[in-house]
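Two complexes, one shared chain (chain A), two partners (chain B, chain C).
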Partner chain A sequence: MLKWIGASLILLAGTAFGFLQASRYERRPKELRHLGNALLTLETEIVYGVSPLPEAMSRIASSVPKPVSLLFADASARMRETAAERTAADSWSEAIHAVWPRLSLADSEKASLLALAPTLGLTDRDDQAKHLRLAAAQLRTEEETAREEQRRYEKMWKSLGALSAALVVILMY
Partner chain B sequence: MNEDVTSIFQIAAVGIIVAMIHTVLKQMGKEDYASWVTLIGFIVVLFMVIRKLDQLFQEIKTIFLFQ
Partner chain C sequence: MWKSALEWLPSSIRTALAHLPANWMNRAEEIRIRIDRPLEVVAAGEYTFVTPDGRLTLSAEQAFKPAREDCAKLLDRVTNHSFYTMEEELRRGYITVRGGHRIGIAGRAVLENGRVRTLQQIGGFNIRIAREVRGSAEQLLPLLWDPVREAFHHTLIVSPPQRGKTTLLRDAARAVASGGWSSPERGGRPRKVGIVDERSEIAACVDGRPTFDVGPRTDVLDACPKAEGMMMLIRSMSPEVLIVDELGREEDAEAVLEAAHAGIAVMATAHGRGPDDVRERPSLAPLFAERVFTRIVTLAPRGPTGTILDIRDASGERIAVPERTSIAWRL
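And then the complex of A and B:
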């Protein structure tokens, strides 16, 4: 009886681990696309809308889906805190560092987002637009590779978790 | 008798599961991991068989040599 309970627990844990790993591969291309769209929207806000940065950020935060919107909401909130005396670059990089654990993106995307910080809100409109477009292009190439990886590894992790759990159960039986 | 049958089934199940893991890994283009998994599965089964053979030799010894 106890043996069966333990076996089912191991099976459950192994399957859950496999699905967790698979979901990471599933979320990555989606978040990359949302982030790229958000950066292009920010470019439009800066070039054509001429809206102040905190306002533009909060508008973007309400228009993109959840995990990516946190980044823009956080940056906007940090920029609005007048008592803290941060520059826009500071709030942007601080927001990236704060929100990063909740996104499933890699370090190269973090670097290309952090590279935006010195231009954001400091240089003229055309320069900011160029940097935003560069970052969006980098994200798009990353998205392609992420999609490729998803196709290859998502199914593998799903079956591998359950199979290795079954192996452990049989070895311990 | 009963225990022998379960150990045979255990070895068979290990073989099936290792074969499935091997095919999954190979399909996804990770041949190196696939071969490692097969090798480790083989070694584990080898140890199971060696334990059974050891029991057999002890039995033979007790029957024929040290009565």
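And then the complex of A and C:
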């Protein structure tokens, strides 16, 4: 009886682990797309709307889905907090570090987002647009590879988790 | 006013300035910040450097020297983290912030087709502290009232820079629009006032609301070129009194003429040491040829800010000023 309970626990854990890994592969391209779109919206807000960053970012936060929206909401909140004397660059990089654990993105994407910080809000509109478009383009290429990986590994992880758990159970028997 | 100007500064600079002696705080007209050079305060023609602990000094070595990061923070703050929203302001060279303070900016100019497009590498700031002196125009207004026409004289306030022109003009707007500046039989009822505030100095609008009290019946056309703005206001807001700062271009003179002929009282200011200076400026000559301004108020170049030197009529005759009319405001 005890054996049965143990075996089913192992099976359950293995399957769950497999699905968790698979869901990372599923979420990554989605988040990349949302992030890319958000950056392009930010470009529009800056170039055509000429809205100040705190407003532009909170508007974006309400228009893109979670968890990408958290990044913009956090940065906007940090900028509005005047007593802390954060510059736009400080707010943006702090927001990235704070929100990162909730995103399923890789370090290379973090780097291209952080690369925006030194110029964010500090140059004229054309220059802002250039940087944002560059970052969005980088995310787009990442998105392609992420999709490729999703096709390849998502199903694999889903079955691999359950199968390796089954193997452990068989070996223990 | 000093306090609300300090709010814009990063804490390092603010701590140094927070301990300044009261007589400097009250009189301060400008705070000057330059990267790696002494922090300076200007008041009533005098200047002083400030040490890190807020003492006054004239030695550049002992003075507090704002670092590059301090200036970056200041710039980030006054542009609301968004340098790109300030393109027009940077082309003019200054940003007006909440509280009406005007922050002049110096840096490296970026040209486009030979004209300044924007500034980069900002290295110098001049914070001109705005002063609102309520009541400063109240004794002056009865002298500008024409009992025959039952309207205000077209008035030109002439003074050198930093002598209180704008402060006086602002309070005139407030007093005219709130009424009660004189006894009722002399026409003290509130008037409709229109302000063309090209440099956002008179009303200091932020998000469409004046941050200074310019009166309940006042409409402000903010950041609008004067000549065009005057015509717009006349068409759209039908003011009884039109207020503009610093006439200087030919089209300004034309617009003032237009307004005067439309029966609107114009109150304006101009840079100059006296009426003769202004009379000789080619751009304003048509106004004097037509004898538009029937009251020319000159502010004294020395003494307390806002002291009236004399008031003249269109032909240059002095108007008798009652003995006690001294609008030099106590700070």
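We take it that the second predicted complex is superposed on the first by the 173 of 173 C-alpha atoms of A that agree within 3 Å, B and C clash if a C-alpha of one lies under 4 Å from a C-alpha of the other, contacts with A are read in each partner's own complex, and residues count from 1 in each chain.
Keep in mind that, in the parts below, a contact is a pair of C-beta atoms (placed from the backbone, for glycine too) under 8 Å apart; a residue touches a chain by one contact, two chains touch by 3 or more.
Everything quoted here is computed from the prediction, not taken from an experiment.
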| said: Applying the document's definition of touch, where does A:Glu85 land relative to chain B and chain C: first, second, both, or neither? | reply: second
| field | Contact breadth on chain A, by residue count: chain C or chain B | value | C
| request: Determine, under the contact definition given at the top, whether A:Asp107 touches first (chain B), second (chain C), both, or neither. | output: neither
| With the two structures laid over each other on chain A, which partner does A:Ala166 touch: chain B (first), chain C (second), both, or neither? | first
| Touching A:Arg152, do we find chain B (first), chain C (second), both, or neither? | first
| task | Once the two structures are superposed, pull the chain A residues common to the chain B and chain C interfaces. | result | none
| For the chain C and chain A complex, residues of the former touching the latter | 10-11, 72-73, 76-77, 79-85, 87, 110, 117-118, 120
| request: Name, in rising order, each residue of chain A that touches chain B in their complex. | output: 152-153, 155-156, 159-160, 163-164, 166-167, 170-171, 173
| query | chain A touches which residues of chain B in the complex? | reply | 6, 10, 13-14, 17-18, 20-21, 24-25, 27-30, 41, 44
| Of all residues in chain A, which touch chain C in the complex? | 46, 50-54, 56, 79, 82, 85, 87-88, 91, 121-125, 128
